[in-house]
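Same chain, two partners: subunit A is paired with subunit B first, then with subunit C.
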Partner chain A sequence: MTADNSQKILIVPLDPVHDVGAKLIARTLRERGHSVTLLQPDLSVEEVISRARQLLPDFIMVSRTISYDTPELLAKFADMCDAAGLRSHAKLVVGGMSIRKEMAQELGYDAGFGPQTTLEEVADYVDGKAHTSHEASHGGTKPDLTRGYKYDFVDAEIGELCVGIARRLIDWASQRTSPGIERAHLRMKLEEARLSGDVALANELRGRYSALTGGDVRKWYESGQPIPHTRPLAPYEAAALENMDNGVPVSLVSQKPLEPVNVIVQYGTGCPVMDAYHIRLSLGWGAKGAVHFDPSWGARTEGLAEGTLSHQHDGTVLTLENLRLLKRAIHPAALWQVRAHRGLNTPETVVLAHLAGADLTKINIVYGSLGAGTDPARLAVDGVECLRLAASFGLPYDVVTNEELCGVPARKAFAGMLVVATAGVLLGGRPILQPLFADSPEAMVSGFTQDNLVDFNAAKMIALKSIMNAPIWPGAPVGFMTQTQDRCQSSTMTALHAALALGLGAEAVTIASSDEAYAGGPISAQARVDTLKSVAASLKFFGSTRIAPTARAEKMAADLKKGIKETLERVYERGDFVAALYEGLLGDREDGAYPGRAGRDTVTARQ
Partner chain B sequence: MGRTLGIAGTAKNTGKTTTLQAVVRFLRQSGTGVYLTSIGYDGEEVDTVTGLPKPKVVVEEGDMVATALPLLRASPARFTRLEFTGVDCALGPVYSGVATGPGRVVLAGPLSTKDVAVVLRGAPSDRVVLLDGAFSRLAPMVLSDALILATGASRSPDPRRIAAEMEALSAVFGLPEHRNPSGLSLGSTGQERMPSDSDFLHFSEGLFVEGQDQDVTLRVAHVLGLDPNRVAPAPAGSSDGNDVAARPVTGGGQCVRPAVTVQIDGVVNPSVFLSMAEKVGAVVTGNAQDPGSQNPGGAIAGNQVEFVLGHPVHLLLSGDIAEWVGALEKARRRGFRVSLKRRTDLLGFTVNPFRPVYDPIRNAYTALYVDAGAYLQEIRSMTRVRSTDIVYEGTHALESWLVEAGIAAG
Partner chain C sequence: MTAREKILDACDIETFFVCEDAEEGKRLGLALMKELGFADADVVFSEMAGPGARVRVRGYVNRPGSTYTWRNEGGRHP
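Here is the complex of A and B:
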């Protein structure tokens, strides 16, 4: 700060007693080299104006705690500053617990700073810096969760097993195809034809595509029959999204603790317009990205529809048009994930993710096969194609272990995750490991979480880091099975799990809203803000301290790693990854895993 | 520049937006283009303080608006010809635009007199600028050619208080514009010195804190050659006109130009003004009555002192508005002249029976109403100042004010 930039500032605690905030700001501004006059509290407006006329400051900064008649007093002060000629050269600023920028505008102040404003934000404003701190998190570069990771194996033995299994899987899949793979390639060509304006080719490709669809989606292509529980968006709804400004959304209060970390939310109300508002709201409250949730029926139907469709129930229909509309709600510096980890349309979903401009996808073979109803062979061949496509598009993806929620023990789920991740690396991709931070059935039955919810989750991170040099992104979301219908309890659990994950070095963490744990209907905007605020508060609380697991965590990690290795050995010995899935080596009926049936017998030899 | 009509309120929730919408509708019907802006934040869904629903600001195709750019973009009215006005507000840069269709818009425009002046300079001269007020803020309204004040139960459910305030406001806005002996207004001549046979004092600091009244008194005494220590005792009760200072000085039937013109810019508090007027009066009278005075016999009379105040708005920002009636009356009885450097026509008052009441148990505001007809009638029984309730009795009266003022075509 040079003398030339030094501002003359008058700070006025326009309050009978409280001036702590004013003193803190005065100190901060003096440290920045400004000349600050701090008045005592309990002065009348007239006395303050009189002093200001003598000083002729560049900034008049008023602080006021919430109380009766606050707005009237502040409005009067602004008026008198104006009438006294002070506003000719001074900016008028107000700060306090009841202040919002809309209120500042109404009361006549050039800027207003409310609760949780940081001293730095105020000082930056005086210094004329272009943005406030809670915009900074979105004003920079989009996070790259995979940057710096080499994907080499720290544990050579496990690595050798993973590579061996993965190679066989890739070989097996490369000889096979499925309707899902063919539709994915048709979709790419179809969109190219549309872009080039070749209507005849586009129609021909569309016809071939529709011949590969099934169920309600086929009826839609053939006769236009609406897919149940969906309707096209009305023109005004689509217009609302098209006209949406995807500039930096500005939250009402600073969420500074979220700035250096990557907290991701999930959306999927069924209505793209509502989704867009939820996304914007979440990004405005410090989330760094959002994950698209599609309806579960879509996973069991061959083919994806087209157009902008609203869905009556949870999950927003996967169409390219819906995704392109939703892209409008995603700020350029925010991450957007479109998931392709289960069902009969996974390769096409990766294509759509790429075409719509998503930043990430989600790919797995094990969870979708054993916990989401898709036939293992089908999902394996489609999954490998997903890995190829993602690599060709430069799309990173996470590999999730949701089968833990079915009861599959972590050692088996992690074995499957590592195999898929390794296959992805071999195909040139950038996978992200996504363990669950949950009170899973295994954890409950084994007593791992009886004493605390820290050790077992920490053990997962420790184990994975000791196996592979890969990014880790706990999800999805964290805190599964630990939340109740109580919003405070739910938010607290989410916040603590997120703080734990980030403290243990996770690249990102996915959180739910406070009502996702129990909501039987739409997720509310307030519930989204609940958990974002709670996570910010927990990160503020912990700062650079860390949650320390007990010595049990290391023992759990060691046992987990041993179990992973044993599972991989069995799978390797079996020699056939898909067979291993059917036979329960990566999760059996006793664990709660059941090989899916959707898409059974649809895998054919590749021509 | 075209004409500017200000719509301000004596308090929050007095019906400014409803009045604004009525004025806009009438101007449109009469074929007058409008340019809307606000010195605050208007047209939002819910009140920022009470949380109660607010009336909307709705524009039609062709209306022009100056508001924060994010609000222009968010409006379904789809504005075109966007131009930066040159000022910022708390919600971002203020842009003007022309509506291409009907739709709601939230107004958040220039905040200060300086910034309003910039925006007004850029407004098309063939449009009437409607300067929407905010809360009870008034300062930028000095730039209005005409003003409508919204008042009502939100200010006070007691019609007597409202009537008293209306009287006071009317008295303040009704003060004459200062003219020098050549017939020029001080506003047109700026701060030039008056002709040499009268003195001119300028106080730019305002008159609103204790001590300033004494400063003015001493300087007036000095200019008039009076001994400031020769003061007459305060008259018992109200002045009965026997004060020497109150006796008019005539010369062949013509008014004598003031011996001193005291221009006071900035905020003027009625109590401090009255104190100053009484002190000056006491010095003038004391010197006139004292045989040892250099000016015996009342050669200097009260009405040879003229106080020129800046703008009526600046008289309303400090102290109790209602005190002005008494203060101006007492100044007149002392024989002083009080005039204004600049004026704004106060067209009248709109009266709103709405009052939000805070319920501490629910920690929320509730919308209540006084009896609209009784309230208005009661007010009208106590003052002849123009008033109307545009919801209760329609917009005819309001429209007639606009036509009379030349804001709208008849």
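Here is the complex of A and C:
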């Protein structure tokens, strides 16, 4: 701001007591080099006009917080400014909690600033600049959640156990294959053939692929019979997504506390078009990325369909074409995760994630085997292939521990997570540990969360950090089983869990919408905004302070680590990771874990 | 195009009904949505305390995969 551009500004709170906003604006404008006169509150309109006539300012800025008589008072003030001849050289501006832009215009003011206006916005107006921060691009570079992590073991004993078990797992899997692995490789070749225009080869590969599918997907390939509850996207729907330019800046609502952190949301309405809107609005309200949710039936069926498909129920169908369309909604600076952690199509899902340009995937043999219905041997052989593929594509992945939701104790879930993460590292990958931040059955039964919801979650972070130098991304989503259908309660729980995780050094958090506990219909757009706003507010509240766990958290962390080690020792002694899964060493029936049956007896010797 | 047709997916209304219990709150919530012309409505929550129930009701205007009422209007993104 040069002296030549300095403006003479009179700021007046037209209010009996409230003048904080006026003071803040006065300070901001002074910092920009303007000459500011700030009057005290509770002056009469006549007194203000008198001061203005003496001062002859370039801007007369009045504020009003209380709402009664506001239009009448402001109208009178504007009329008196006119009558005093002040409007010929002064712009008349009004702002405050009771002000709406439309009201200011109707009353004849040059500008009006209501609630949620930033100080910069007002100062930019005085400076004659178009305000940019409110409509800024979703700039910056894409976050790398794994940067700076060496993946060495802080706890050598646990490290030795993990490496020993993981090596055996990799050796076991390398001698075996499955229809899921075969399809993944066929899919890669098929897409290469399509890309090179080799129609004959593509047709042959597609035929071989369809022979390895099952159920409704097989019927779709063989006879074109629609998969139940799905339909092809209409041309106008596909066009809406194809015409979307993901280079277009996302309009940002000012959510400054979210700027330095990675808050990730989940989508999967069933319809890629609706998903695109939900992704865009989430990025607009400060999310740094989005996770693709596919239908649960997709995990139980051999093979993935093709084409752009809409699904009538939760979960958006995994096809390369759907993913490629959705990619257009993901801003280049945002993270995009396509999950491959359960079911019969995990290796192919990693392939699709890579081909569609995803940034992250999700892999865990243990959760998918014990909590998501897939046969342990099948998911072990497929999961190791996922780890290989992800490493070859340079695709980081989280290793989720949602089996805790079934009732599996954290010590067992974390032991499984650490083995899978170690196998991933041995294969050249970049895993991210994903502890569940939740009021899990174990926590409730054991009384870990009786006094507070901080200690047990903090203990998980403390324990993991003392074991392995790896990024941690709690989820998914944080606050699982703590949210109710009440949007205020739900948003608060999400916000506090997110603040706790980020305060404890998490690289990212996945959050739910305030509809997390509502099962009556699809998640609404406004429910997504609820939690992004509440997380931003909680981060603003805590700032650089941190939620302080009690001394009990350290004790819980020590117990957890001891339990992890004991679990790993049992698995190591068993000498067979897959047998350990079947036999319940990483979660048994009493815990609520059941070895899945989908894909049983489909693992064969690798040729 | 009406304001309702411009709703992306659902319209939530939260209010407080003077009523006897949470179930009556739910019934009143659904009745309100019917009065307002929302054919596809549901109660997100209903919680009774004091003189009545705090109720949040939702009217779905565009469920995922339906023919979106705003489809020819578009928003800024996409």
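Going forward, the second predicted complex is superposed on the first by the 466 of 607 C-alpha atoms of A that agree within 3 Å, B and C clash if a C-alpha of one lies under 4 Å from a C-alpha of the other, contacts with A are read in each partner's own complex, and residues count from 1 in each chain.
Here is the rule we use: a residue touches a chain if its C-beta (ideal position, glycine included) is under 8 Å from a C-beta of that chain, and two chains touch if they have at least 3 such contacts.
Model, not experiment: these values are computed from the prediction.
**Q** Mind working out whether A:Asp451 is in touch with subunit B, subunit C, both or neither, as first, second, both or neither?
**A** In the superposed model, A:Asp451 contacts neither subunit B nor subunit C.
**Q** A:Glu566 contacts which: subunit B (first), subunit C (second), both, neither?
**A** In the superposition, A:Glu566 touches no partner, neither subunit B nor subunit C.
**Q** In the overlay, answer first, second, both or neither for which of subunit B and subunit C A:Pro71 touches.
**A** Once the two structures are laid over each other on A, A:Pro71 reaches subunit B alone.
**Q** For A:His311, is the partner it touches subunit B (first), subunit C (second), both, or none of the two (neither)?
**A** second
**Q** One more residue to check, A:Ile49. First (subunit B), second (subunit C), both or neither?
**A** In the superposed model, A:Ile49 contacts subunit B only, not subunit C.
**Q** By the touch definition at the top of the document, which applies to A:Glu157: first (subunit B), second (subunit C), both, or neither?
**A** In the superposition, A:Glu157 touches no partner, neither subunit B nor subunit C.
**Q** State whether A:Tyr109 touches subunit B only (first), subunit C only (second), both chains, or neither.
**A** Only subunit B is touched by A:Tyr109; subunit C is not.
**Q** Is A:Asp82 touching the first partner subunit B, the second partner subunit C, both, or neither of them?
**A** After superposing on A, A:Asp82 lies in contact with subunit B but is clear of subunit C.
**Q** Would you tell me the residues on subunit A in contact with subunit B in one complex that are also in contact with subunit C in the other?
**A** Dual-contact residues (subunit A): 243.
**Q** Spell out the residues on subunit A that touch subunit C in their complex, using ranges where they run on.
**A** It is residues 231, 236-237, 240-241, 243-244, 248, 250-251, 269-271, 273-277, 280-281, 284, 310-312, 328-329, 484-487, 515, 518, 520-522, 524-526 of subunit A that touch subunit C.
**Q** In the complex formed with subunit B, which residues of subunit A make contact?
**A** Subunit A residues touching subunit B: 45-47, 49-50, 53, 71-72, 75-76, 78-80, 82-85, 87-88, 92, 100-112, 243, 245.
**Q** Hey, which residues of subunit B end up touching subunit A in the complex?
**A** Residue positions touching the partner: 11-12, 39-41, 44, 48-49, 68, 70, 73-74, 88-91, 108, 111-114, 134-140, 142, 204-206, 208-209, 265-267, 269, 313-314, 317-318.
**Q** Sort out for me which residues of subunit C touch subunit A in the complex.
**A** These residues of subunit C touch subunit A: 8-10, 12, 14, 42-45, 47, 56, 58, 60, 62-65, 68, 71, 74-78.
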